[in-house]
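Naming follows writing order (A, B, C, D and E), and every chain is counted from residue 1.
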């Protein structure tokens, strides 16, 4: 990865990595709006205004090397009120993307890698996945009113592709059924893919654009393969 | 997702029993469906979930501020996956105060991250009994089955 | 079609009133229109204004020829012979050419006939529509038939057609049948309009448009205008500071600045200019009202105290009233835990997050970015007051209004349709003082209302016992046309030379007395109006009431008999001006007067015209000034006395004699009608920041000059540091020079453009880019100029180490020290006025502690001095930018025209007179006169009154121990007689 | 620095006379205004001297003053004459003069102020009585402390008997037999002492004690007078009783050194009521005393001038009805002067209270 | 015995207190009818004689209503008045007139309710004090 914006001489900053999101960072008047609105201000020295200031000062590496970008949820409340329209959340995401991948904290990057490799962030094999959902589906079929319920896996020509949040598959199986109930009663023509069912794009979190594109590409691929017109994406 | 639910309800493909939930419910706008969606797609999902709630629950309230200026629960942006747990709990304080002030027994969210985060921190903020439900979970709960 | 050779002034706020009066006072006829049903604009809602926390709006009223207008509070309305006022009226279109415009206006009927309305309010109680009242900023409800402002005269109700359901309940309830529900607007086409002035003001931003401030959701979040109503005694809580949600006494209040301003996301790349000071004022007033428990805070980005006296005002507010200034733009406002208080989160100076609860938040809303002037505003022959383009403080609005009047007046006189006219009617009447006083009393019985409530037999009998020749007549209702005509007919046949009108509200009748005077030949100063109606309303039993009425009658009788009018001496006006100082302000003033055919003597100390400004500033400004200099040099009516100064001056408005001396000791006397002082200022010097210790440390002014040199160069990778507020905005030079920020920004932008690889840092305290100059600040940031705020405790330091310039400071945002090796340091030292002590003593004026010449009133009469006929403009008065100085020059010229356009100076009624036989020459009167309207005539050994300058306040008379000074119509024996009669 | 010089002669009167004569003969001044007897009267009158040979009757120390000489001093200094004039005045006269300067009635340009320490004056008749019996009554008066009993009531309560703020002070208290002390308080005075070749000495130690003793007595007497007077005026009815015999002759105002008006307002049209006004008054009230406005006159004079009252007591001395005008004035003046922290005649640069206003715009009301 | 109906003179400034009185009148804020108002162009015009005259002629109270400091149409006439009234009050006090009988208040043009309040308060205060010293007495 190229070094981040060298603030001075600033002519080259237009090509600098933290800039391409079309963020008018230069316009910052250090007014404090963002910092005042951010719930994280003060936590471990975090403050969106400081982030912008560091970038302005050409000290991006300090930002990238810190854990600050990982504390931020990129919720966008700061920029909601920013009088200069500075896109701080995108700045954060770009900064995350510039962190050496091994240094990405927690399981985000691991998840991304697993996802890229296996189609879901848990690294769950397809048979196991189908087993889990069919098991839950069978349970639902025992509930009154849902006796004819069956999970349509990889159904071609379905109207709706249903992707899943990995945590429902992993630990919170009981929450899988809500949508299924609705689909069932609404007599929806839907399907769940057995591969690449992951509905959460951790590339978004890690700042990894390539990974993000790959994930989305796969879903599009599915829809094309199965000839499905709409997508239900949990995030 | 919101559009789908709205479509189901409006077209009558599913029918709901509004009398089932009688206690007070609060609704939380996730950043992604609001501000992010507004920024990326030019439409923030603020009205749709509220319309759905109107169909489901008689006593639901908004947090303040809500909509475009709402507080993030602290679980977004992948922070649930980072090891910075203390910071995340601290982050949630505003949101939790808001919820507490409404006196609601249940919080409805349409987002898995928010769901996870709020459930995880509710006890820390003295609301061990707060139920956190997905918006579609609420819908699923009150479906009228013929 | 109506032929109407009046100049049309659109918008009757403070600017419109100023423009209308300016033109009316110079002999033009004016039509002043406003779409609102009441006058005054936003100021009618503000009782107190900075920087003195007081009003004083009445000081805008004419001081010369006072009798043409009113002598009472301007909030009540505006009355002037030359001004016609049309309310509820809007412009539909403007056609035609400059100088001959055709204006179509639409006028909505007010619904209530002012002649018949008695103000009984029956209509209001019958109306079943209730909406939020604009005047009280929504704190009160009003009906569809309502009083737009509580103080206006006449104070009859109007109908709000937009909400009225035309149900007719009010009409049926009205006891005098004064309500007409025909709501068809009347369209009038005015032809031959010589000029139009647009002074409509700007719309305020509606904070309900965004979800940040909880406005509309949290009742304790209000706008600054609404807070003004809370402060006002005519407001919702009679001036007590309660909060709307629960009536709790306010203690802790926060002001949120820049709501709707300085925000490019809503298209507001401007500063709304007045809000900072507005907030400081409100906080100060609130703190005073609350007392020691007050906790007020202002959340701001840059505290824009750019006016001459503003910084000290703010410092006092901070130090004396304990107002907290928090440099943080507030993100949003939330309810506090108890749901009534409000919660504001901000970061303190070290970046710590703080959550603080307040009782109330006040939003300093600026100009609405969506507001646009109508298309016709850009038409030729239509002049727009600057305050209709952007929010302004009063001083700015008043000056810009006079600039517009100057332009309009100039265009009218150029086109040959000048309306200058000498007043035709005869003011002073023959030999009234020779006649025996005889009084006619007219008692209005207010229909049948007063008949049963007074003991008329007793009144008649008692009046017979009163001293003097008195006749009494009763008229049923003088406020309607029949009664009025009846009265006039009766008065035409009387030999009485004094008139006492016992009716209702005197303020309604005062403006009509002149008309009455013309009809009857009784001098207006020998008429009095008393309020019979209010006396009757107050007292409960018949005897008591009758006694009260008799007392009041006798009081007025005693006063009227004591009036003894004399004709004061008139003198011709010298139709020429003396202007001291040939900088942008002086030159502009000279041209303004010369194009109106008045001779101008321009006295300049140096050998060169153009002042300081001719060698600096942008190429455009330089060109403007160069053109101006050429124009002045070539104008046949302007005589330039360069290298000369004033050594002596005396005289009165319209007739001054001034001696000037040139460098070669030649002396010359000039006779002139007015004096304009435009003495200017110069760059301040400094010894701070190692100035002059290295030639790379320059002042901003020097840098500006150097930037123009073709050989100017810094290294392409140079680090350039600007330091703002050098020796300024702290004692002893505690004022903002107004020009430095903009100059530094422009220079920084130029440097970044020429040297894209350079690093440019600006150390600043508050960037003072008010108004649209905010865009220059935005542009500078966009160009990559780096801004580092500092405060007085933490100034940057400049060191020279073996020839290298080291600048150290700290960045409060990152809370870290910053350190540069600079290739160039520019110090913004600001400006100081040219020494004016001699001039000030020659003209008997005053200076501020900083040496600026003091104006008569910084808000309402910014270019007048304490002495009528002497005006000030430009940097000699207050720091200003070149365009502002030129505007002041125009405004000063406009003020001067009031005098120059007259052939003779005419004294007004109620002026002071010295009875020389009694006068002991103690000069007490001269000392206490606030208008410098008295002088010692050494030749005659007399104290003389300057009747044009005298405003008749009577301070001289009260100071005179033996009544050698008397005030016409306020003669002491009359007042003593009234006191005797009252008891 | 204050320089003290001792001048000795046959008597204090001669000592003073010698100094003043020398001033004129040495042309240190062009004229001297001082109290002097003339061949026709025992009462010393203010006299303007230009010839040192004509100063025979000069006696500025004489314990009498037919009127306060401030007005006469003002008359000779009203307009600049280009001449240097020495004014020899008692403290109350000199203080009144300072007030008149503030009221632009005269100017101290080219004026040398010589103040005479004054132990009080006698009423005219009493003085004439004594002066006709003794040749140098002035010396007798100063030698004999019992004479204090005979000074006027105003003088008996005067605590400002030593001049202040003058160029030269002539003092008797503490001075040895036949001598007077001359103190220079200003640079001008100092130069004069040098020019007159006066014998500079240490101030006699006895002086301070003598001044202190007299002052103590005076203050006690003053406070007693205030107390007694307050009792007599603290209700308008009591006050009316006190002034019931007032003839409205305006002698008090004519004799008053600070009542500077050319014509008193009470003789102008403001108080010259036409018959119908008088009748109306009588009609309303049933009866009016004529001339009217007597109480008004005294109160107005207090309102106009009490802040400037120097307590010379001439108003009482001249009153044909023996109204204790001076007692009233001093008692009331003590209050008004305290209110404005103003002391008439103290300092020429101290502005008259009614001519200065709070620059700071305070918002309190009375 | 009839109830004490005080006689009160109000000397009011044309620009502020008088306007406030007008506003009170048009706003139907009634105040006691015991007050005889005399309009002055400025409180600075008030001669001490007026106040003395009023008290000597039997007024039970004298009210002076001027502009708030800084509001004066004539710059500082109100402050000049304050000083004069202070001095006159001091003199009256010596002759037994209670200082409470002479009252100076600042009332802004828009302060109709303040005007009403001030009038009501003053009348109440004077009623509490009872008849003045000169009430129905012969004054020489």
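Methods note: a residue touches a chain if its C-beta (ideal position, glycine included) is under 8 Å from a C-beta of that chain, and two chains touch if they have at least 3 such contacts.
None of the values given here were measured: they were computed from a predicted structure.
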* Structure fact -> Overlap of the chain B and chain C neighbour lists contains A
* Given the contact rule stated at the top, which pair of chains has the most C-beta pairs in contact? -> C-E
* Chain whose mean Cα position lies farthest from chain E -> A
* To do: With chain centres defined as mean CA positions, report which chain is farthest from chain C.
  => A
* Quick one: report the Å distance separating chain A from chain D, using the average Cα coordinate of each chain. => 100
* Structure fact -> chain B to chain E, mean C-alpha position gap in Å, rounds to 67
* Indicate the whole-number Å distance between the mean C-alpha point of chain A and the mean C-alpha point of chain C. => 59
* To do: Would you kindly tell me how far, in whole Å, the mean C-alpha position of chain D lies from that of chain B?
  => 94
* **Residue list for chain C, restricted to those that touch at least two other chains** => 52, 54, 212, 332, 928, 959, 972, 976, 980
* Structure fact -> Check: chain B positions touching at least 2 other chains come out as 68-69
* Asked: Considering chain A alone, which of its residues make contact with at least two other chains?
  -> 77, 80-81
* Structure fact -> Those chain pairs meeting the touch criterion are A-B, A-C, B-C, C-D, C-E, D-E
* Asked: Taking the complex as given, what residues does chain E use to touch chain D?
  -> 48-49, 52-53, 56, 68-70, 76, 79-80, 82-97, 102-106, 133-134, 137-140
* Asked: Taking the complex as given, what residues does chain C use to touch chain B?
  -> 211-212, 214, 217, 332, 334-335, 337, 339
* Within the complex, which stretch of chain C touches chain E? -> 47, 52-56, 58-59, 71-73, 75-76, 119, 121, 150-151, 155, 232-234, 238-239, 505-507, 531, 534-535, 537-540, 544-545, 548, 551-552, 555, 857, 866, 910, 928, 930-931, 951-955, 957-959, 967, 970, 972, 975-976, 978-980, 982-983
* Structure fact -> Interface with chain C, chain A side, in the complex: residues 8-11, 13, 24, 26-38, 41-42, 47, 49-50, 53-54, 56-57, 77-78, 80-85
* To do: Spell out the part of chain D that touches chain E in their complex, as residue ranges.
  => 230, 233-240, 243-244, 246, 265, 285, 287, 289, 294-296, 299-300, 302-304, 306-307, 331-332, 335-336, 339-340, 353-354, 357-358, 361-363, 365-366
